[in-house]
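In order of appearance the chains are A, B, C and D, and numbering begins at 1 in each one.
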Amino acid sequence: MTKKKAFKQEYLTKYMYLISLVLVMVVFSIFAPGFLSLYSLQNIMFEAAPLLILAGGLSFIIYTGGIDLGAGAMVSCTCVLTGIYIAKMGNIIVLLMILAGVVMGTLNGVITAKLKLPSFIVTLCTQNFWNYVALILCPNGSIIIPMNMRSIVKWTTVKIGVIPSTFLLAILVIFLLYVFQQYTFYGKSIFAVGANANATRLAGVNIDAAQISAFTISGVCSALAGALYAYKLKSAVPTIGTSLTLTAIASVALGGTSMAGGRGSVLRTSIGVLTITAVTSGLDMMGADPLWKNIIIGVILIGAVCLNSDSQGRDLIIK
Amino acid sequence: MGELLFEAKGIGKDYGATTVLHDIDMKISSGEIIGLIGENGAGKSTLMKIISGVEKQSFGTMTLRGKPYSANTILEANHHGIGMVFQEQSLVGNLTVAQNIYLNREKKYSTAGFVSWRKMNVDAKKAIARLGLDLDTSKKVRDLDFATRQMIEIAKVLDVVEETASGKAIILLDEPTTVLSNEEIDKLFENMRNVAARGNAIIFISHRLDEVLKITDRIYVFKDGAETAEMPTKGADINILYEKMVGRSTTGEFYVEHKQTVPTDEVVMSVKDLSVFGSFNHISFDLHKGEVLGLCGVEGSGKESICAVLVGDEAPTSGEIVINGKNQNFANPYQARKKGILGVPKERRSEGMIGILSLEDNILISHLDGLTKRGLLNGKKTRAIADEWIKKAGIKCTSAEERINQLSGGNAQKVIFARALESGCRILILNHPTRGVDVGSKEEIYSLVRDMTAAGNSIILLGDTLDECIGLSSRCIVLRDGLITGSFECQVGNKPSQKNIVEKMM
Amino acid sequence: MNRKWENAIKEYSVGQQFVLRVKDDAKRDRITRIAPVILLVIMTLIGAVSQKDFFSPDNLVNILYQMSIPLVISVGLMLVLLIGSIDLSIEGNMGFAGSLVAFLVTNGTNSNNFGIWGVLFCIFIGALVGFITGFLHVKARIASFIVTYAIGSIMTGAAVLIYKGTAIKVLDPAFEVISRNKFLGIPYLTIIAFAVFLIGALILNYTAFGRAVYAIGDNELAAASTGIDVGKVKILVFTISGCIASIAGILMCIRLKLGQSSIGADQMFPVVTSIVIGGGSLAGGKGGALASFIGVLIYTELVNWLTLMGVNVYLRGVIQGIIIIIAVALTINKNRRTIAK
Amino acid sequence: MKKKILAILAAMTMAAVTVAGCGGSNGSTTTAAPAATAAVAATTAAPAATAAAAATTAAPATTAAAATTKAAAATTAAAASSDGIVADNEADTPVPATIGSTKIDKAKGAGYHVGVCVLSLDNEFWKQETEGAKLAAAQYGAECDVLTCDSDANKQLQGIKDYIAKYGDKAVFVVDPCTTANTSNIAEICEESGNYCSIMFHRADGLFPKDFPHFVVSGKMNDYVNGQKTAKALFDSIGGKGKICEIQGLLGDDSSLNRHNAFNAMLKTYPGIEVQDSQSASWNQAPAMTLTENWIVKYPDLAAIYSSNDSMALGALEALKAKGLNGKVKLVGDDGAEAAMQAVISGDIVETIAGDGYLAGGYGAAFALQAAEGYLDVASVPGGRLFFSKVTFVTKDNAQNVIDKFIKTRDPGYDYTNLAFAVDKFQLVTDK
């Protein structure tokens, strides 16, 4: 094929992940009247916000070729802590949660990097631990942020223009993550570790630091997401995270980031998140039979990943 | 010379718009060993791939033993009695020698789908015996050393093709000697002759012209996808071949000796009584500013291990590495780099290139922390630096965004060099810097080395060949069995002869 | 090892040193290889010492009975892990197969009575699903993690579709027999499970296919270059995994006499952990039948032990987690040059 | 070497926090309820002091949380009533014979859409709720859609919002919330958009329908009292003494905790009962079966097992059957799954509770619809619009009828136009 054509194709595959989002939007706006109404779009943004942050952070672990099965548990843990202590200390709690995130993430990172254990196992085990903390702090299912404290959490429901404040927050986080990924040497070395850890090591890069930083980032983002969920649900919910981990990983992959590591972008991830959120609420608005929901989502997921997968990695072995 | 086995007429290959191989004719008769030389990207590998069934030719025809021949898969080629030994080892570590040799050919030994490993081992022993090898074939390949693996690799292919075409097989060897030590190479050559004597034909690809001249009967020279010469080995010599390959005649200044610097007395690193248990003992030497210190020795003489220690990849058992007055003890290459030592690793693909990343990232990876300002990198600046290196090192690529694993071996190696230079390290450990690199790139790399020393850097060199080691170094240390057996000054003009160094090596 | 050898340097020549070091490495290698076995022994001893019931025949039968289904799952999962992939759809497939078989054999909801044919049909469907998974993974080049996740959610949905929320009670006498009756004190179900596992082990160790799986896990390109049809093997692996998953689902249904999607819940991750404890690697190429068996046994003993100890219900998970991390840290083959992902 | 140290360190950190938490957990969950009070109260708005006070003196009128009162009850259970059932959370407000019992004009109902929100359809009870809501909607001539959320509180809210986005003010809801806390969000969302909703089974502390004109009713099942009743039945079945184990539901689920507390409360009145172990099987069969298998080895003289729901009970039953202990080791469940009720008939399970989904879902929908269509003056409903819904205790005697009524015919034939029928008792509102 000619250079021009090659270029075109390159271009197409590069932005395919955007196209699939548009596709979803169009399809649902046809089948579900009112899907494009301001109210429902605001819903989608509001829904997507915490997941954006969670998945954004998780991406970095995927870049290293690892995986974090504990993200959900960290969300539960921080959600509970926030929900319980916000009454005492107000919004400052968010900063404390970020601190907690650093601790949790770094613990995962250190165990993985220094003991050279597969992150799959490490996170699988440590999550029990965060879940445990969440559960003993909140044994009866959920603790509500008392009505008289609602003023503290009001800002989350505010809309700036037509955009929910939390969504703007998420966008800000994604932006920061993008800068971290693109313009810091930790970001670069995280990708390098994912691409060829041994070569990176011999190039004199501190790969342990890189790996740990990835986990820390993920920890922080999970914590932030957890806090946001507490704000959103105005309560501490120790089980909130259980279903989130895989959703987050799925949306990372849906954006086209390679699970093998070394390639990807938080921008892709955020599109992935928006797509998944759009699909779920779109299905609700179509009034799809709940019995079929899982099936439909599964099919859409496969289709979308097919479209989006980062074609530059084509020559890689897919595992 | 035996009957004509194989003939290719007007073979060509193009990918999309670009033609990488055009109008190649080749004749192979039974019992001959054919040399195939040319720079990387000259089309050798492409032709090999076409013959061995990895790829399909775009034009031209091939005939095998008089019948038209074409293969869509390696397997098909094997059934026609054509087998290729690939450059990157294609053995499976967690299988035994026998299982590797008969991988995907288990039928012969299986009853009702269940394989008898015992029977297989018996045959495997025979197969490797053909190459004068004798070892327990139920051993896992993982536990064998590189050279032995290479031999098994060849034994495997040999077995495949001889089984189908006894005495009429064609075997393609792509750079088989790069990982072998001298005596192993001699052993290999001997075996090659035996194989040929049985009527098989061998195509031998190597960048080491001396080897080609030593073993082959006939030589094909490729350049830019075309066949520039076809000559009998007797009567050919390095200069002729070199000229045909690169189109310009070789300068006697192959190692750019006119640029060789005279090291100052300033000691940048002194190694004191360094030992790694079982690899080398009591190694002591000083490295001076602007010096190229060559380490000579056969495989297993401990030179590799010394490198590993110096770049922080291996922990010494005892001894000191003193840099500006302090004893340094590196836990990992990162710390070594921080102290100004960086290595250019031996295995380019697995240890050097960060395959799916861009050239820019590959060049800058060792210096990113240095380029960071207030925690951030300046995209424009980094790109500028990358482009500058691409120009300086003469890296052929579309842009700094291109992925490194899309480059040819030589260019990739230049990128790794650029990385080492960019890192700002003052001491560079070059481990087989020109392994598997074509003559053209070699020369460029040599001049890069000279530039480094001119800039006041110091280099420890493990030459790909002894000749290279002598040519580049300003001083050579010779190792045998992990001990220093000699040290030679190599000023321009009175370089020691290979002979007296080899004496110390063996 | 640095310090350890310091003095030895003076005594031996480099050559001798080398021999010594190789010996030493070999020794350490051997230790890591048998580490799981040691772990198993320790686990058993701890159990025996701390709990008098641990070695009671009843409890031993319990352990056998409780490890049988994980053991079956491990057959499929082992193959998938060996090629370096992962199969998250196992839970969904189990749930589906369990529901479908309950729907097809004599049950309390409808008048179906296909008996063995129903069972075989389920296994076939499982294989089919596995095939589709593998096909998507190989041809569409979707990472196994995602494709299996998606297929898993699809199958869970399909399972619920079958019984529309009201779990189906199984009345087939054959199911009764298999779960209740014993041969030499060992339940039929356990015997079936072990048979399945044995077949799996034989296929892995004594067939060309088995070798191909190892080859792909260790060095995919090399495998391809010897003419192995990597894609085909991979698809076959997932097909087997799917087929095995539905066998496991059916066994679970036999165990519980009830068909619903939740019978697959939390079945897969424990088995992955077990295999890793047994010495398998998530990167592929390492592990095998024996490793899986030992791993599953260790894991089952651990869970059984925790129950016998009556550990605090909330703490259970944490203790389990810590023990597993330590276990893996001991059994995994570490090398300062490698990096775990 | 370094790695080893690291390993130990990591292990120790975790161990440390674990132990730290362990203190909390012993208090808050497995053993006595008062500690739980402290734990919970400390974490709610109520100052810890009052909570503690509430715990010791069962004074119902404190600012403490609902959980507190329950716990309080638990501590003073002995004094509570003759049969030991502590029902101090039921108000004695008389249930008026009719609430909004009116003639329904179906045409008027047309265009209204009932969104019935349940956790998922993978459960008989939730299915009954949806069936009930559909039947009710039919009687009002309205449409009905099912919204599931796979037990994800967040998804549930999203679902409701999406439904509102679709049908605007024509949408009304009957919600089985994922978590107690979620109820306040649901109420607020509906209030904001002006859609009527009934929220069943759970209600956040400090959340009152009276503060939310569109929050029509909160109908609970009295898990706490019902749990005590089944526990009592179980204890009596083994003559009030013997060794016994408990299988809890999903940790962190509040029905699970209520039932656990009920079990503990009833224990107080039966000194002869020794609890051997209490583990969670997260509502699932398989783990329950494994647990039981191990228990009957460890405790050969086990007399009974208290299971917080039916599928876990059925799991346990399978384990017992395998050892031929079914019927010998007594068993109770909750939820009223068909298989469980069959087991009740065959005597393998002592008692279970048929929480009536048709009633909860249906009347919940009915309340919301009447409010939306203007039949019901929301303010007129007594008891602060907080009531306990009817349940049926399934024993050997009535099991068959229950099955015939609810399972065989998928319509219990309720008249969803007479709302009063659903109300068993009004809740005693202690947390005002």
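What we mean here is this: contacts are C-beta pairs under 8 Å (C-beta built on N, C-alpha and C of every residue); 3 or more make two chains touch, one makes a residue touch a chain.
Since this is a predicted model, take the numbers as computed values, not measurements.
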Along the shortest chain of touching chains, how many steps lie between chain B and chain D?
2
Which pair, A-C or C-D, has more C-beta contacts?
A-C
Go ahead and note the Å separation of the Cα centroids belonging to chain A and chain C.
29
Quick check: how many Å separate the C-alpha centres of chain C and chain D?
36
Chain A and chain B, separation of their C-alpha mean positions in angstrom:
44
Just how far, in Å, is the C-alpha centre of chain C from the one of chain B?
42
Two or more other chains in contact with one residue: find those residues in chain B.
313, 332
In chain D, which residues are in touch with two or more of the other chains?
3, 7, 10, 14, 18, 21, 25, 29, 120-121, 251
In chain A, residues with contacts to at least two other chains:
111, 115-116, 126, 129, 132, 135-136, 198, 201, 207, 291, 293
What are all the chain pairs that meet the touch criterion?
A-B, A-C, A-D, B-C, C-D
Sort out for me which residues of chain C touch chain A in the complex.
83-85, 88, 136-137, 140-147, 149-154, 156-158, 160-161, 164, 220-221, 269, 272-273, 276, 281-284, 314-315, 317-318, 320-322, 324-325, 328-329, 332, 334-335, 337-341
What residues of chain B sit close enough to touch chain A in their complex?
16-17, 311, 313, 332-334, 336-338, 342-343, 345, 350-357, 361, 364-366, 368-369, 371-372, 375-379, 403, 405, 419, 423, 425
Touching residues of chain A toward chain D in the complex: what are they?
32-35, 37, 39-40, 43, 47, 83-84, 87, 107, 110-111, 114-116, 126, 129, 132-144, 146-149, 229, 232-240, 242-243, 280-281, 284-285, 287, 289-291, 293
Chain A to chain C touching residues, read off their complex
64-67, 111-113, 115-122, 124-129, 131-132, 135-136, 193-194, 197-198, 201, 207, 211, 246, 249-250, 253-254, 258-261, 291-295, 297-299, 301-302, 305-306, 309, 314, 317-319
Can you list the residues on chain B that touch chain C in the complex?
73-75, 78, 86, 88-95, 99, 103-104, 106-107, 110, 113-115, 275, 277-281, 302, 313, 315-318, 332, 481-483
